[in-house]
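Letters A, B and C mark the chains as written, and numbering starts fresh at 1 in each.
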Amino acid sequence: MTISHRIRNRLGLGLVAVSLLSGTALAQDMPAPFNNPGDVEIALVRYLSTGDFFQAYLSGVETQAAALGVNLRVLDSRQDAALQADMVDQAIALGVDGIIIQHGLTESMKEAAQRAVDAGIKVVAFDVNVENQAVPQIEQSDRDLARLALEQAIKDNGESFRAGYVYVAGIAPLDRRDETWREFKEKYPGIEEVAQFGTMDNPIANSVANQARSVVTANPDITVMFAPYDEFAKGVKIAVDEAGLTSSVKIYSADISTSDIAAMREPGSAWVATAATNPAVVGEVSVRALAMMLAGEDPGASVIVPPTLITQADLLDKNITNMEELGSNLPQFAHADVATPDWMPLPEGRE
Amino acid sequence: MTETLATTPTARPRAPLNLRNVLIRYGFVTLLLGLIIFFSAMTRGFASPQSAVFVLQSVSITGILALGVTATLVVGGFDLSIGSVATTAMMASSYVMVVMGGDAVTATLACLAIGVVVGLINGVLIVYMRVPDLLATLGMMFLLVGLQRIPTEGRSIATGMSMPDGSVANGTFSPEFLALGRHRFDFFLPSLLPVSVVVLIALAVVIWFFLEHTRFGRMMYAVGSNERAAQLAGAPVNAYKIGAYVISGVFASIGGILLAARLGRGDIASGNNLLLDAVAAALIGFAVLGASKPNAFGTAIGALFVGVLLQGLTMMNAPYYTQDFVKGAVLVVALVFTFALSKRGKR
Amino acid sequence: MVEEAMFRVEGLRKSFGTIQVLDGVDLDLRAGSVTVLMGANGAGKSTLVRIVSGVYSRDAGTMTLAGRNYDPTTPAEAMRAGVVTVHQNINDGVVADLDVATNLMLDRLSGKGARWFFNRRRVYSEAREVADRMGLAFDLRANINELTLAERQMVAIARAMSREPQVLILDEPTSSLSSAEADRLFALVNRLKTRGVAILYISHRMSDIRRLSDKIVALRDGHISGVFEGPELDYEGAVNAMLGRRVGRGDLAVSEGGDTVFTTKNLQIAPGAKPFALNLRRGEVVAITGLVGVGKTVLAEILFGARKPISGEMRLNGRPYAPRSTHQAIGAGVFLVAKDRSDSGIVPDFNIYENVSLPFLRRFSPYSVSNRKAERLRARQQISELGIVCRTERDDMSTLSGGNQQKVMVARWMSQKAELLILDEPFQGVDIAARRDIGNKLRVSAGERATLVFLTEIDEAFEIADRILVMSEHTIVGEHRNSNVDVTQLLAEIAGQHKVTNLD
């Protein structure tokens, strides 16, 4: 671990301030190197950054880093795979202690991650497989997401129904959710998929609404729409409302945002349930897993952040209108008990 | 040849009504009718008033954008910024209502103002700064994609969202505004015509009348066909060009308003797909009735064509990538109609 | 003179659709001889040139070059075989944005066996050689865009010469050259003649034809209507053969004009130019003549509000007139039939009546809503008054011959009452018959307004003007009433003060 004196001097003041303001645990209680957290620097190298999910993920990373008192450096490649690899090299050159790789392409990140590992830097990866034994994977379990939503669909609608399915192939999380959907169709032969559609043309919700409108017109007997991505679900909901089929179709989805909550809370909304992992929690877990490695502990080859099922009934009964209220009213959504050794300081309000 | 004076006609007679000319003139309209019949036969529920209205609704936003870009094509320009103008207007209306707590009128006016301002800037860049139209509007596109993220630091806007300063935005989309996306007028059948379709039809008629039947429209065509000749015929060429970009900007912002009203939130989006679909509709319009030039009627038919195709294909369960393929194929065929077959295109 | 034909065309036929454009054309070109091809617009000259230069394919007939079969399928092939054409449209002959030297060397840079690397010094030295041979004194580094039309034409011709052609076709090469520049061209043609090049020269200009021709071939309605050779060429006979009728110079009833419509005082149109006065009367046709580039178009544009004068004042019907835009000029009743109709006049996407009504749409459009019926009615009147040959007023401009296109431009500006009608080179690229129609119409209708015509050709001025003004160095240097004009004096005024700065 080599931190140049220059960086140390430059960052010194700010880091002192950070460590004073944050951190619920006393630095002395933490294992090295966190007994002196101001000297620890970690980098977040991002591939995707625009959108609510990624904003929330970043805020999770930031709060957990602050709780630990370490210095965080954010490098954002804005969907430029080559640039992202360069940024890893940049982080290596800066002499950071740990790197979180957030999304990216296996092809471009595999070598970059290896170079970081070779430089003695601890690396974790979120939602990108860098094919490296030394790099633990942080995952939100897409299979679990799909499973929770579909189990709720079966609970609500029985084991046989006519379904519409929104899917675009070639996008890794959607592909994993698709595997679960196929397992369910096999397991419950009563589920009949009468239409499959989907598009990533943006604004996605608008484009999907146009498609879904055609689908429900052609297949007015659909009772369940499985839209395992909230933009898809939003589009399907618009189409179902426009077609006047709000009461006869139920939408099951994955992911959540404040505007999704509003859409689900609408009176009689067709969007009845979604399964979601709190992206902020994923961000926190990413930092905690990295911290464990820095402290010499093993978080395991893959760190899975479990999802939460959120139903319309939950939102209405507990009067939840935004993400903050969701976190405070559904504790399992606000915090995942993953990568939490005793010494690990948690952000305020998390237990 | 008989003994003739030198002034005897040497003009070539007009092209006779042969197969090629019939094809150029009515090919696309026939194809559209054929498609409608095909889809009606192949799918359940295609041939119904609701379905017809839905086709219009699905193309209303791109159609409105396409009508706007038609105005810039008429003066020989191009506007790549329309997609991002629409999404910026969507963000702006959401911001006005959700964050600032404004009402529907304020939100709408804010959007229209954005359209006018962007159009003016585009026009001034192109006319007075002599930036080529594609480059000026490309720059504007990037600028707007970035600008719409600044107030919320890249978050989408919805009621209850937390702002960069930690406060929570408590405004809501006003019901009147949402009605723009959701209300339906009775038309033969109860609750048949959505507002967006009415707006599309109204704007199509307005821009068609403006371009075809007013002297301003005619002058815009003259500017697009021979700028210097138009100037020497007394046309204030610069004003017409700037005006065309303002029309384009305003139409795009109207599209953005309808988009926001339909989605009920402000989504971060580049609007590139809106741009591409709109441009495709306008270019397909060149081929309608053998016009070989940008025209409002053709643009409307072009948009309808894309809408019919996409709805029909979706109803037949065709995956999305085949739809892109078909859209592209239609565009290529339309361009062949325009440039290779028509006699104007030859020159 | 060599007896055997260097280039021979026999029984050439070509039709477009149902129109027979060339109907069995025979043509011999001898080495070291200039054959002039005369023909009214639409006679088939351009088609013949395009077939010979490999642009069009022929329907029937044979072509031989130096006794061998000549059958080019592309212009490049024709060029390699030794048949080089300088087209009428100058901008086809030069590449804008490149400098003069590169333009001169373009074919060597891109042809077969061209070097891979662009050696600037070599290109410049070779270009200098070509330019010297041609007597061009241009700055070889100058960008083509900076040159005048005439200078570009010189470059295009020089470029054609650099290919050492066996057959050179010049398609109306002098149509935009001043007489000094034309002289240089003629000298060059003579030089090529002595080197044994067979030259086909297409022109409307009798002065060119008189100076150059060894043989005249008249083309009419797609066939050869007359061949004239021998020591004494029958020019009048050639014109007759071309037109199928006798053109004589009309005897003008020179008018003094009525009340004064337009005056200028101390008008200075270019920095350093001498200010001058103009006085234009109703019912009078005034021609301003002068070489290319002496400020005729500048003056036309100033009068029309498209350009600002350096200083001086203008009055229209006694009131101050200072148009800030063409729009204001039109509103005041000052109209301009601009030079170069395809660039500055015709709206190609518009049909005849839309082109005619363009500047006056406001008058045709109550509440700004256009009234096409009224526009068409007015256009139909103009079509019959000017004898525009077309099917209907809805014909596309592209279906009209050059002369008829020009008539539409004139019809546009005569469709409404003008106080001052200005025409800048209205006979450019117009056949003689159309020129007479336009000229007659101008004179017949002249009583309503003042008429000012800018002309480079003195003959044209004699044909239509009551009064002839001479322009040189951006000012008026002479004035003549068009009866018993002292031609020597006139020519002296045109040429006398003209410094041939950039050519000698």
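Brief remarks on what is shown
The rule is short, and it goes like this: a contact is a pair of C-beta atoms (placed from the backbone, for glycine too) under 8 Å apart; a residue touches a chain by one contact, two chains touch by 3 or more.
All values reported here derive from a predicted model rather than from experimental measurement.
Closest to the protein's overall CA centre, chain by chain, comes B. For chain B, the chain with the farthest CA centroid is C. If each chain is reduced to the centroid of its CA atoms, chain A and chain B end up 37 Å from each other.
In this assembly, the C-alpha centroid of chain A lies 73 Å from the C-alpha centroid of chain C. Centre to centre, using the average C-alpha position, chain B and chain C are separated by 43 Å. The multi-chain contact residues of chain A, meaning those touching 2 or more other chains, do not exist; every residue touches at most one other chain.
Residue positions of chain B in touch with at least two other chains are not found.
By the touch rule above, chain C contacts chain B in their complex via residues 16-19, 23, 40-42, 221-223, 242-245, 304, 306, 325-327, 329-331, 336, 338, 343-350, 354, 358-359, 361-362, 364-365, 368-370, 387, 389-391, 395-396, 398-401, 404, 412, 431-434, 437.
Of all residues in chain B, only 43-46, 48, 50-51, 54, 57-58, 61, 87, 90, 149, 153-162, 168, 182, 191, 194, 259, 262-265, 267-274, 310-312, 314-315, 317, 319-320, 323 touch chain A in the complex they form.
Residues 1, 3-14, 213-216, 218-219, 221-222, 224-226, 228-236, 293, 343-344, 347 of chain B touch chain C in their complex. Residues of chain A that touch chain B in their complex: 49-52, 55, 168, 195-207, 209-211, 213-215, 217-220, 234, 238, 241-244, 257-259, 261-263, 321-324.
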